[in-house]
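The following pair of complexes shares a single chain, chain A, combined with chain B in the former and chain C in the latter.
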Partner chain A sequence: MHHDVLERWSQGNSPLHRRDPRAKVAALLVFLPALATAHRALAFTAGGMLMLLAGAFIWARLPLARALARSALVLPFAIVFALITWAAGDAGRAISLVVKSYLSALAVLLVVSTTPLPVLLRGLELTGTPQFVLLVAQFLYRYLFVIGGEAQQMSRAAAARGASARKLMARSTPFRAAAGALAVLFARSYARAEHIHRAMLARGFQGHFQTLKNLRFRRSDAAFALLASLIPLAVRIAMEKAIPWAR
Partner chain B sequence: MGALVEVRGLRFRYEDGTTALNGVDFQLGAGEAVALLGPNGSGKTTFVLHLNGLLTGEGTVRVCGLPVNPQTIPQLRRKVGIVFQDSDSQLFMPTVLEDVAFGLLNLGMDQPTALSRARAALETVGMDRTASRAPYHLSAGEKKRVAIAGIVAMEPEILVLDEPTANLDPPGQRSLTELISHLPQAKIVVTHDIAFAQALCHRAVFFQNGVITAEGTVTEVVSRLDWDLTAERSKFRP
Partner chain C sequence: MHIPDGFLSAPVWITLDAAAVPTVGYLARRAQRGFEQTQAPLLGVMGAFVFAAQMINFPVGAGTTGHLLGGALLAMTLGPVSASIVMTAILAIQALVFQDGGVLALGANIVNMALVGVLAGYLPFSLWGATRWRRFALFAGGALSVLVSAVLALSELLISGVPMSGRMVGISVGVFLISAVLEGAITLAVLESLERIQPMLVRRPAGRPSRVLGALAVAAVLLASVGVLFASEAPDAIQRLTHQTITEASGWPVKSLTGLAGIALIYGACLLLARVAARNRSV
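Coming up: the complex of A and B.
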């Protein structure tokens, strides 16, 4: 499953994996607005940003091709909005939307695949992110995969009894069965989530996730945060200055 | 020494109106292992969830001399370790080691101590080689052992096991019996596995419709109530 891969990637041991999560988040928070607000020479700026991210994936010893493919998961959503923008007569903005969404997803993927989630959340907690937001993030991550697992089991059980999407769509009321399955899925996921929460409480959980890693923000982390923030800005400024004819 | 667990007149009703416990009296002595037998839905699991305040009903529940109330719940969760029936619900951290350390960190233990206690617990259950693996990649038997390690690491005084042999193959059941029998804690075992209960427990109580209807050795309770797989099977023998 998707989260298996991300968790496996995040357990790596590259220089990027070893950086403090706060340094990575700080760099991400500079990268995203730098990309989102780029207008002039967008193709070149985006190309430069893509090269940067690709270099970071290679530095982190993660499979670049698979990361590029995984980031494409954001495209169906981005394309819907891009088509609406295109239809409104702004083709340039539509292309920009797709490109920026894809690169943003790739940048976020880089951070989450080089930082185990508990460590990332601990880093965010130390930066003052509200505990409630962190709890929601942790549970959302956990329960999304609970729902995914339950859906997979139900799908297998249905397939074992001869069900298929094609047969379902051939019915006169195809959405009734789907709606029923969704209701069952919700009920099962809810029950499973309750069991997980109960098991967490039984082991003394009091609404606060702890990690085995003691985070220490070193000078090397500060240097990384500074460099990783400045480089994308430099790429953007360089592209906009160097290619004045690109508008 | 007094009883580790003392329950008097415990009643509990779920929000949907189902009465799960209807006046349960129960005692557990130090070092004792008791099997909770009975049909599905008879209240066994609901009962054990009262021992560390996961559910609260009417009646008196005292564990290690402490009443179960919101003030004592943090202490009770340290004293009563519950291994749940479905290990997948219990294991949720990215690695086995982090999962075993989860409870220890919640107890306020510092990271180096939690780490060494978690490693020791994994060694106790013979799973030290899996420390860096993701829990969902383990077999059912391995998951169960890791789930037990997560509880044993917290060094509870009472170990509650809910259907520990469910989904395990016979060799897995044997090795789990061996493992649990060597753990020093007093034990409450919710089970349908009579052989497992006989191998592990000094005493059995039988739940039916939310009350305890029989008590004695496992063999006595099973034969008195005809609560044995072989007794049922003999009726259907061709």
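Coming up: the complex of A and C.
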């Protein structure tokens, strides 16, 4: 579970990294519906949008090939459903499922790999998302790797004590051992949460996170949001108008 | 089952996003108001716990393993409101950081897993958690939460027009049943171990409601979720009324208004019935 890739990518310095998170989210929220509702000339629209996203990754000085590979995480689920759809005799929809889910994942990846998550969540907070949910999400992300490491450590310790020697134990033992491990992990996480909160109170935590930079929505951000939402729309409309013979 | 973007048709994701946003806002206010300030770090760390729990594999037999999904477990330890908030945060992080589930489909995934799934998981526990059927309630909570979420996701895909043969739907429901039993077994085993080491962490519902009421509630949940799959092709009362009162030619505002009026009529009738039933009992 190493997602330090995103951490590194989002710390970069490029025009795209410097844009206000609200501008990027606004553009994303235009891009995704424009892609999701495209039906006519989908192959051309999707091709155009792939070019746009690839261009944006290069503009942000991020490794394009690795980004393309990372978005493929969505493919296993999409391909299973595409095969089911294909079997039901709707090949066009099968392709559209794969293409749309892949491109949507790539667009989301572009936003999160040019915006550090705390900044992104702060931007969402300023646009009116319930603060409490974002606070929980923030804590979740911060302690993901801590609790995950603890879980790994526990299973390694269990293996060192012979938990993998299945032949020596009754059939139900491994199941109960895993349940016991999870119960211990639960109790430890609960206790850790209380320690964390006390330590944060001691350091002056006031119920919300502070970011180092104050977010300011500049004129360039507005221009970026406008352009970044208009260009994909223009691509879609142009493809649908220019290629009348496509379905 | 996290639905990615591009799978749901526009009316489906718009409706579910519109349903999820105010509900999560309301629950967030309630979760924040109901407890002390420690709540936010606690909920966040417990969300991280659910993530980490997926690394501990449960041997199921025949060489395969399963893992905890966690909605029901959280509901039974933190309470349903907080569990919904934690699940919402988990789904948001999964959609943003792990490309697991779409951003437009986030509302659908929240409704399936964080709202309805958590409620369905908490229902048997709140009904029978304090009776001698406690173990059964823990198991049923885990199983119901998974079954209801998965069937909801499947029906959303079907409504969106992802074509699936009847046999395929049957196979999926079979898979859902197996994973539901597995989640029930894991939830039960973890909670029983937890009660042995830290009994205070598991909630104890106070009420002792009647069996009939409980059975009715569970049947209603099952009917509402599973029933979508087996909904009859024949027009229901509202559709029939619509066909009788307006013609095909009328625009969508008229159609949707008549639909709303039909729903309001049925709601009024149910309200009236409930009032009458309540009065009869109190006498």
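Convention: the second predicted complex is superposed on the first by the 171 of 247 C-alpha atoms of A that agree within 3 Å, B and C clash if a C-alpha of one lies under 4 Å from a C-alpha of the other, contacts with A are read in each partner's own complex, and residues count from 1 in each chain.
We take it that a contact is a pair of C-beta atoms (placed from the backbone, for glycine too) under 8 Å apart; a residue touches a chain by one contact, two chains touch by 3 or more.
Since the structure is predicted, the reported quantities are computational estimates derived from the model, not experimental observations.
**Student:** If we overlay the two complexes on their shared chain A, which of chain B and chain C does A:214 touch? Say first, second, both or neither.
**Tutor:** First partner only, chain B.
**Student:** Under the stated touch criterion, name the partner, chain B or chain C, that contacts more residues in chain A.
**Tutor:** Counting contacted residues of chain A, the larger count belongs to C.
**Student:** Who does A:18 touch here: chain B (first), chain C (second), both, or neither?
**Tutor:** In the superposition, A:18 touches no partner, neither chain B nor chain C.
**Student:** Just to be sure I read the superposition right, which of the two partners does A:192 touch: chain B = first, chain C = second, or both, or neither?
**Tutor:** Touch partners of A:192: chain B and chain C.
**Student:** Mind working out whether A:10 is in touch with chain B, chain C, both or neither, as first, second, both or neither?
**Tutor:** The first partner, chain B, only.
**Student:** Have a look at where A:203 lands relative to chain B and chain C in the superposition and call it first, second, both or neither.
**Tutor:** Once the two structures are laid over each other on A, A:203 reaches chain B alone.
**Student:** Hey, what residues of chain A end up touching chain B and chain C alike?
**Tutor:** 117, 142, 192, 196, 200
**Student:** Spell out the residues on chain C that touch chain A in their complex, using ranges where they run on.
**Tutor:** 2, 4-7, 10, 13, 24-25, 28-29, 31-32, 37-38, 40-49, 51-53, 55-59, 68, 73, 77, 85-86, 88-90, 92-93, 95-100, 102-104, 157, 161-165, 168, 185-186, 189-194, 196-198, 201
**Student:** Where on chain A is chain C touching in the complex?
**Tutor:** By the definition above, chain A touches chain C via 1, 3, 6, 28, 32-33, 35-37, 70-71, 73-74, 77-78, 81, 84-85, 87-90, 93, 96-97, 99-101, 103-105, 108-109, 112, 117, 120, 130-133, 135-144, 146-148, 150-152, 154-155, 166, 174-176, 178-187, 189-190, 192-194, 196-197, 200, 207.
**Student:** Tell me, which parts of chain B touch chain A in their complex?
**Tutor:** Answer in residue numbers: 49, 52, 54, 74, 77-78, 81-82, 84, 86, 89-90, 92-95, 97-98, 101-103, 105-107, 111, 114-115, 118, 132, 134, 136-137, 150-151, 154.
**Student:** Which of the residues in chain A come into contact with chain B in the complex?
**Tutor:** Touching chain B: residues 4, 7-8, 10-11, 116-118, 142, 192, 195-196, 198-206, 210-214 of chain A.
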